[in-house]
Each structure stands twice: as structure tokens, then as C-alpha cells.
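Presented sequentially are two complexes of subunit A, the first with subunit B as partner and the second with subunit C.
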Partner chain A sequence: MVIEDYIQIPPYSLARAEKEPSMVVLLNELHALHVDRCDAYRKVSEVIFGGIKKISSSDQLPFIPVSMFKTHELKSIADGSVYKVLTSSGTTGSIPSRIFLDQQTASLQSLALSKIMTHMLGNSRLPMLIIDSQSVLKDRNTFSARGAGILGMSIFGKNHTYLLDDAFEIDMGALEKFAEQFNGQKMLLFGFTFMVWKYLFEQSGIALDLSKAILIHSGGWKKMNELAVDNDVFKSELNKKFGLQHVYNFYGMVEQVGSVYIENEKGFLHCPNFSDIIIRNPVDFSVQKNGEEGLIQVISALPRSYPGHSILTEDIGVCMGEDDLSWKGKYFRILGRAKKADLRGCSDTFAQSA
Partner chain B sequence: MEELLPLQSHAAEALQPFDERVIAFLDRLSHAVLKDPSLNRIAEFASLGFWLRKANISKYVNENNHLIQNKNFVTAPAGIVFHVCPSNVDTMFMYSLAISLLMGNRNLLRVSGRQGSPHLDTLFDVINTVMRNEENKLFSECISIFTYEHDHDISSFFSLHANVRVIWGGDSTIEVFKKIPVSPRTKDIVFADRVSYALFMSKEYALLSEEGKNGLAHSFYNDSYSFNQKGCSCPQTIFTVGSKADNEAFEKNFYERLKNVVVKKYDADIMSLASLKLNRLADDATAGKISQVMDSDNRVVFARLNDGADASGTCGGGLFYIRSLENLADLLSWIHPKVQTVSYFGLKQDDIHELVKLSSGKGIDRLVPIGKALDFHYLWDGYNLFDELCIKRSVI
Partner chain C sequence: MTNTEKLIATFSDALTLDASKVTDALTYQSIPEWDSISHMVLISRLEEAFDVSIDTDDVIDMSSVAKAKEILKKYNVSF
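For the complex of A and B:
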């Protein structure tokens, strides 16, 4: 099976017995392709993973640490074939990840995302309120993850309205116009978790009936945890204030655009057919059982222009189950992020403060 | 800020090099440290306590007899010594201070404000208690310990008044302090970034008893993991010397034994450590530095070093580069002036002499048995600190 056909299968329809053989074929092809075309991937795979040629199960696939996308230009295509470069927005002062896409990978990613989103939203485009400012899209040369997320989602909506103006103030005019037309109707809300909380929930003066709206949000819980807001509080507060009933968090990263993990009926993040996660024991990188926490390895059958098909993230998670819900596939929960190790040497009395 | 400076003692009370009063004071500190129940069970503080004992200090005085019984010069204190202390080793400032006191100096110490170690606070309490004692009152005029975040004004003020600056903390700290103006006669004693190795004769290892092998793994653990492998004397690279078969057998056997110790004793945030090491291994693999990795436990990682690669640069926390050598002399191609400590197992006296001769002028400041890598010595980074912290007066 080729990836173009595999993506067409309804995204949560395959149980392990059907998914695994297809994934092994697709991943073997990707592994060989990246070993052949990406020097860094080949070296990591040879030195750290014993130069495995062919995998017989997906947990044998080498993985590269997510930070490598910051420190290396990882490409499996010629420079001339680069169609766009995605960068992570990152925190201030940190080096951003750079992801090199050719047209094929970019279109596989859009297709994958659209399979997941149409599963959630249906086939018709919904009026869309974006909880952000259009200014994050201004620099078209390098798409930040935030901008890429908004653009990627925009194709599932119509009558796109940005809640914030360029100064990050509520754009009351635009909001009123949107509300006049669509209040109480089925609509799509999209934004980063923290932005939704800060600009939609915490603002006074926004009176919307969102009882039929679908909110899709992402971006991590770090800032939210500082405010002592977890997913349950987030959902119940939005429900109280706006009557919002359909709220879906998703986990995704610029290193694997398209292969997103969206919240399922139980509130856990769910793997679609073309992605998988493996929870790795931090002691020896062995596979953790369901219920045991570890570092999250994310696997995607999509990336061809760069070796991003198997990445060890610095996120800590736990697999909650597999194939026992209406959606097939593994589902998991994120517990946090590994702290940056601070092993201080003799040589740093002033290194950090100087 | 003048009041921050240690007072000029009255001439009658002024300390002289190897003053009996200092030796007695250090001995009282030693007792206090070894008696404190929260400090004496920590190896680092226990070592300090033993080091400060009168018996040990007297030994050092004897070894440095040339400073007091010399026909050609008379030794005097250097004056005010400003110590810039490393942040990762809680006890380091005490050694620096003790040697300087023994030479009769008055001392300003900057102890990093980022340490936040509860044991360090206990140590300060112990020092203060001892100093409050009437018989030790003199010493409160010779010792001023400060904790502050990097502050240019304070460091400049201390630098300007110092006769000697002792700068621990490696290249970056030295760089900061070199930019601070000092008096033209101020002497700097600097401790730059270094790299250290461990050396094993694999055939001799095979001859050890089970107990001997486990003991060696234990000693190596103490050398390496005490400061998360980030102390300048902690081994970053393991060199094995012997036939290919002996070296390979050593690696497998020693890895497992070390792992057994580490699993029991090393307390680390394993999630961070696993990420940290995978990142470093991926960088090293990509850069062509390493060719193979042994890591059945992320707390102990052996990465095989390629020809000509840099044997320093571990991320710490138990990532060792490893390299098999046929002959001891092959080590020389890895010796350069940055090499500080080579801790060894299985070297015979002749081997040691040979290695010392071959490496002379190239590198290696300390050659010590495995297990002794972190022991503080007054001979450090090529300095004899007693010699450095005094002046010699010519009297004919």
C-alpha cells in the first residue's frame, strides 16, 4: 500500500492487527529513503540504533531526538525542491526548529489533517472564528507554527474572522459582524489554548451563544497549569460561559504537521491510522506498558522530505488504552515535559549570569 | 563598601605562614564538620573534615618545609586574597580558604548565590559557630564570605583591593574577571576548563577478584557521578589498554558492574537525563565523533570514540567516551595541555614513570589511582597553592 491510498482510509478505523502491517511497510520505506538521503539520520540510525536495515514491528524504528531539528538542517531532498520551511515559534531566545517541506510532503500533511478535521467537522465548511490576530501570518517566508496552524485550519472554515486586531485588542467591529450573522449556529472556533482562555474566556463583553460551536485548540498546558486550569476546568468554564459543548484539544508539533492527535470521547488524545505513539521507558528506552509513564515517541507515515517519521519528544505521557473505544487506535495523555537537565560544571560559576 | 574588607589585624596578632593558631583553628573546624550529623554522612563534607584535621595539615606543612626553612628567602603572607569559588562543588571554597589562611592571608570569598544547597547553609552555620568562640575571634577578621549573584560593582571592588585573586570556575568565569581592572601587582591564579580521563589496563582488571572488580566500579562511580560527571577532575573518557579481546571483555564486564552501582546510588531526574544524553549522542553521531553506543541503561552510556575525535565534551550524568588502545604509549595522541587528571587502574610503577616521562610538557597535571580523582590536593592544575599564596622576601 502507498501512503496516498492509506490516508484515504477513515482515520480511526484500523485496529492494531490491521494497522501494524501497513505501518511497518510504510515505515520501512521511509526508513530506507531517509537513510539513503539524509546523512544525519543515517548516522544516528547506524551509531545509536545499530544500523537496523528493516524493521518487523514499528517499535524497532530508530528515533531521533526532537531537538535535532533545532541543531541540524535535516533534509532528505535537494535544496531546489524545498517548497516551504516551517519554523517552531519557540520561546524567546531559543533556537527554532526548521522543517523542510517539498510539495509532496506538504500535500500529504494537508490531506492527513483534512481527513482528521472532516471526521470532526463534517464535509461542509463552517463559519470560522480564529482566536488570534491576523498579524501572526504576516511573514510568509517562514511560517511560524502558530501561523501554520491557523492557515492549515483555515481551509475547514469560511467567513474567517479574527477575534483580535493587529494590536492584539478585541476587534469588536469584526466580532459583532460575525455574531450578527452566525450567533447560535454551527461554527468553528480555532485557537491556541492559552489564547482562547485569555482572549475569549477572560474578556468581558463577549456575549456569544456557542452551544452549537466546535472549538479546536492546541498549544500545550504549561501556561494553563500556572493558572491552575486543566482540561476539565477549561471545558466546564467555557461551557458555563458560552454554552460551548464541543471542545477538542489536540497535540501536534511543527515537526509532524498533519499527524495530529485529537481529543477523543474520553478526553484522551487519539492516534489516527497514519500516526502512532510509543511511550518509552526513560531508563532504557524500552516500550512502556499502558498506564506507565515515559517519554513520548511520535511516529508518522507522512514525512518524506525530512526525517521526521520517528521522533522522541521531550514530552512525558502515558498510553491509556488501544482499540477499545468507538475510534480504533492508541490513546494517551500528556503529563508534562522533561525538565532541561541542569548539570553544572566547575566551569559555570558565571556562565549563566555573565 | 570599605567595611566589607577583612580588617587589617594588629601587628602582634598578624598571622604568619603555617601559624600554629591557624592549624588549631582548622582542626576545630574539622571536629565541628565531622561532628555535625547532617554533614558527616555526606562523602564530600566528610572528606573536607578529614582534610582539615591537624594530622593531615601537619603533613602538608612538612611537605612544604621549603617555605619556612629556607636560607635564601623568608616567606610572608600575600595580603588580601579574593577567592571566586565554583558553584558545583559545595566544599571547594573551604580548601581554597584553608590554604590561604595557612599562608597567613586575609580572605574575601565569593560563593555563588545560585547554590541554594541546604548543606552549604549548614556548613556556614558550623563555621560561624566555631568563629564565635573567643579563641577563634581573630579569624573573623581574616575571613569574609559573601554570597551574591554576579555583580560587577562588588567583584570590581574586591578585585581592586586584592593582592591575589584565586579564580575557580573555568574559562567563562576567568573571562569575566580578566575584564575587571585590578591593581598592577595583583596576581591571578586561574583554574580554566579542563578534561580528565580514566585509564584501565584490561588484563590486570581480568585478574581481579569479584570483590576487587566491584570495588573498582564503586571507586569509579565516586569519581564520576559525585558531581554529575561535571567536575573538572571527573573522567569524561575511558581509555582501555590491552589486546582487543581483553579490552572488549573489560568493557562488557565493567559496564555491568558500574551499572549495578549506578542503579543503586545515582539519584537523577531520569526523564531529563534520557533526553539530554540522546541529544548529545545524536549530535556526536552526526559530527562523526562516535561510532557505537553501549547503553542498556541511560544512566550509564559508553560511546566509542573515533580516531582524532575530541575526548572532552560529555553532557555529564554518566556519558563516557570510550577508546581502546593497544599500548600505553598510544595514550599520548590524546594528551594535550587541557588534560588535567588521569585516574588509572593497573599501572605498574614503571608504567607510571614511563607515562610521566612521555607526557612531560604535553599535558596531565594529576596522575592518581581510580577513586582519588576528586581528592583535593594543594598541588592543583600545575600550581602549588602554598607557594602561590605567599610572597618570598629576600634577606641577605
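For the complex of A and C:
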């Protein structure tokens, strides 16, 4: 099976017994491709993972720490084939990740995202309110994670309206016009969790009927936890203020655009067919059982232009179950970021090898 | 104006591209003017010009001018 066909399968339809054999084939192909074309990946694979040639289960796949996308230029294509470079927003002073896309990987990512989103939203594009400013899209060749997220989601909307103007103030004119036209109708809201809270919830100041709206949001809970707002509070407050009933958080990263993990019926994050997670012990990297916390390894069958098919994140999570809900696949929750000190040993080991 | 002329004018306008460059063979992302941002502008202009509402799958599928014609035919626009 090739990835183009595999993506076409409804995204939450495969249980482990069907998913694993397909993923092993796709991942073996990606592993060979990146060993062949990316020096840093080959070195990690040789030094840390004993130069494994072929895996027989997805947990044998080598992984690279997410920090390597900051320290190395990880690329499996010639410079001339680079179509877009994505960068992580990062915190001030930190080096951003740089992700190199060619047209094939970019289009696989956009197709994968569309399979997940049309599963949630249907195939009709919905009036879309973006909880951000259009100014984040200024440079067309280098997108921040935020810009890439907005652009990727725009496909599912029409009458795109930005809540904020270039000065990051509420664009009252645009908001009133949008509300006048679409209040109470089925519509799509998209934004980063903190932006939704800070601007839409706290500042928008006009009566919006969002009872039929679907809010898709992402970006992590760090800032929200500082405000003592967790997912339950977030949902219930938005429901009280706007009648909003359909709110879905998702977990994704610029290093694996397209492979997003969206909230399922139980409020946990769910793996689609073409992605997977493995929870690893932070000390010896062994696989943790369901219910045990550890570092989240994200696996995706999509990345071809850069070795991002298997990444050890700096996020701590727990796998909550697999294949026992209406959606098939693993589901998990995120507990937060790993402590810097715990990660240092890990990233040093990898950095020395590459 | 025939539908083909309307299509060319819409592409040319949405992508800020000379009409002579809008041929069936022109493909998405082959030129800087037709990138993922202008693609959404194009979709919305096509919707206005032909009074149709284009589904998500077709937004992704619209990979060339020829393909755009094929997709619009599904929405009862004839070429």
C-alpha cells in the first residue's frame, strides 16, 4: 500500500490488527528513504539504534528528539526541491525548529488534515471566524507554526474573517459584519487556545450566538494553566457565554503538520490511521503500558522531505486506551512538558551521535 | 462572456496573473502566484463568478486549470 491510498481510508476506521501491518510497511519505506538521504538521521539510527535496517513492529522504529529540528538542518531532499520552510514560534531567544517541505510532503499533509477535519466538519465549507490576525501570514515563504495552522485550516472555511486587526485589537467592524451574516448558523471557529480565551472569550464584547458553531483549537495549556483554566472550564465558560457546544482541542506540531490528534467523544486526543503515539519511559525509553505516564513519541506516515516520521517530543502524556471507542486507534492525554533537566541527558546523547 | 472566458478572467484576477498565462496546463504551486494563500482567494472568486459552493474535497482536488473546469462541471457549469 502506498501512502496516497492509505490516507483515503476513513481516518479512525482501523484497529491495531489492520493498522499495524500497513504502518510497518509505510514506516520501513520512510526509514530506508531517510537513512539514505539524511546524514543526521542515519547517524542517530546507527549510533543509538544499532543501525536497524527493517522493523517488524512500529515500536522498533528509531526516533529523533524534537530538539534536533532546532540544532540540525534535517532535510531529505535537495535544496532546489524545498518548497516551503515551516518554523516553530518558539519562545523569545530560543532557536526555532525549521521544517523543510517539498510539494509532495506538503500536499500529503494537507490531504491528511482534510481527512481528519472533514470527518469532524463534513465536506461543506463553513463560514469561518479565525481567532487571530491576518498579519501572521505576511511572509509567504516562511510560515510560523501559527500561520501554517491558520492556512491549513482555511481550506475548511469560507467568508474567512479575522477577529483581530494588524494591531491585535478586536476588529469590531469585521466581527459585526460576520455576526450579522452568520449568527446562529453552522460555522467554523479556529484559533489557538490562549487566543480564543484572551480575545474571543474575554474581549469580543458582542453577543454572538455560537450554538451551532464548531470550535477547533490548539496550542497547549501552559498559559491557560497559569490562569487556572483547564479543558473543562474552557468548555463550560464558552458554553455559558456563547452557547458553544462543539469544542475540539487538538494536539499537533510544526514538525508533523497534518498528523493532528483531535479530541474524541471522551475528551482524549485520538490517533488517526496514519499517525500513532508511543509513550516512553523518560529514563530508559522503554515502552510504557496504558495508564503509565512518559514522553510522547509521535509517529506519522507522511513526512518524506524531512526525517520527521518518528519524533520523541518533550511532552509528557498517558495512553488511555485503544480501539474500544466508536473511533478505532489509540487515545491519550497530555500532562504537560517534561522538565528541562530530565531532557538534557537525552538530547546530549542524540546531539553527540549526529 | 463564455464560461471559459469567465474562468480565465477569474483565475487571472484571483492570482494577479496575465490572462495569457491561464491555460489548461497551468498547475497549482507551479508558479509563485498560485500558492496556498491565493488558492483560497481563487476558490472564493470562482464561487462568486459561477454562483456555486465548492466542497472541501474539490478545493484540495483543484490542482490545475483543466481540473478546475472538470470540477465546475460537477456543479453544472458547462464549458
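Just so we're on the same page, the second predicted complex is superposed on the first by the 340 of 354 C-alpha atoms of A that agree within 3 Å, B and C clash if a C-alpha of one lies under 4 Å from a C-alpha of the other, contacts with A are read in each partner's own complex, and residues count from 1 in each chain.
One rule holds for everything that comes next: a contact is a pair of C-beta atoms (placed from the backbone, for glycine too) under 8 Å apart; a residue touches a chain by one contact, two chains touch by 3 or more.
All of these numbers come straight from a predicted model, not from anything done at the bench.
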{"item": "First (subunit B), second (subunit C), both or neither touched by A:Leu188", "value": "neither"}
{"item": "First, second, both or neither for A:His160, with subunit B first and subunit C second", "value": "second"}
{"item": "First (subunit B), second (subunit C), both or neither touched by A:Lys340", "value": "first"}
{"item": "Which superposed partner A:Gln103 touches (first subunit B, second subunit C, both, neither)", "value": "second"}
{"item": "First (subunit B), second (subunit C), both or neither touched by A:Leu137", "value": "second"}
{"item": "Chain touching more of subunit A, residue-wise (subunit B, subunit C)", "value": "B"}
{"item": "Which superposed partner A:Leu86 touches (first subunit B, second subunit C, both, neither)", "value": "neither"}
{"item": "Subunit B versus subunit C as contact partner of A:Val47, first or second or both or neither", "value": "first"}
{"item": "Which of subunit B and subunit C A:Ile116 touches, first, second, both or neither", "value": "neither"}
{"item": "Subunit A residues touching subunit B - in the complex, by the definition given at the top", "value": "39-40, 43-44, 46-48, 64-65, 67-68, 71-72, 280, 282-285, 295, 312, 314, 316, 338-341, 343-354"}
{"item": "Subunit A contact footprint on subunit B (complex, rising order)", "value": "84-89, 112, 114, 149-150, 168-173, 175-176, 191, 193-194, 227-232, 269-276, 278-279, 281-286, 288, 290-293, 295-299, 315-317"}
{"item": "Interface residues, subunit A side, partner subunit C - complex", "value": "83, 103, 106, 110-111, 114, 117-118, 121, 123-125, 137, 140, 151, 154-156, 158-160"}
{"item": "Residues of subunit C that touch subunit A when the two form their complex", "value": "29, 32, 35-37, 40, 43-44, 47, 53-57, 59-60"}
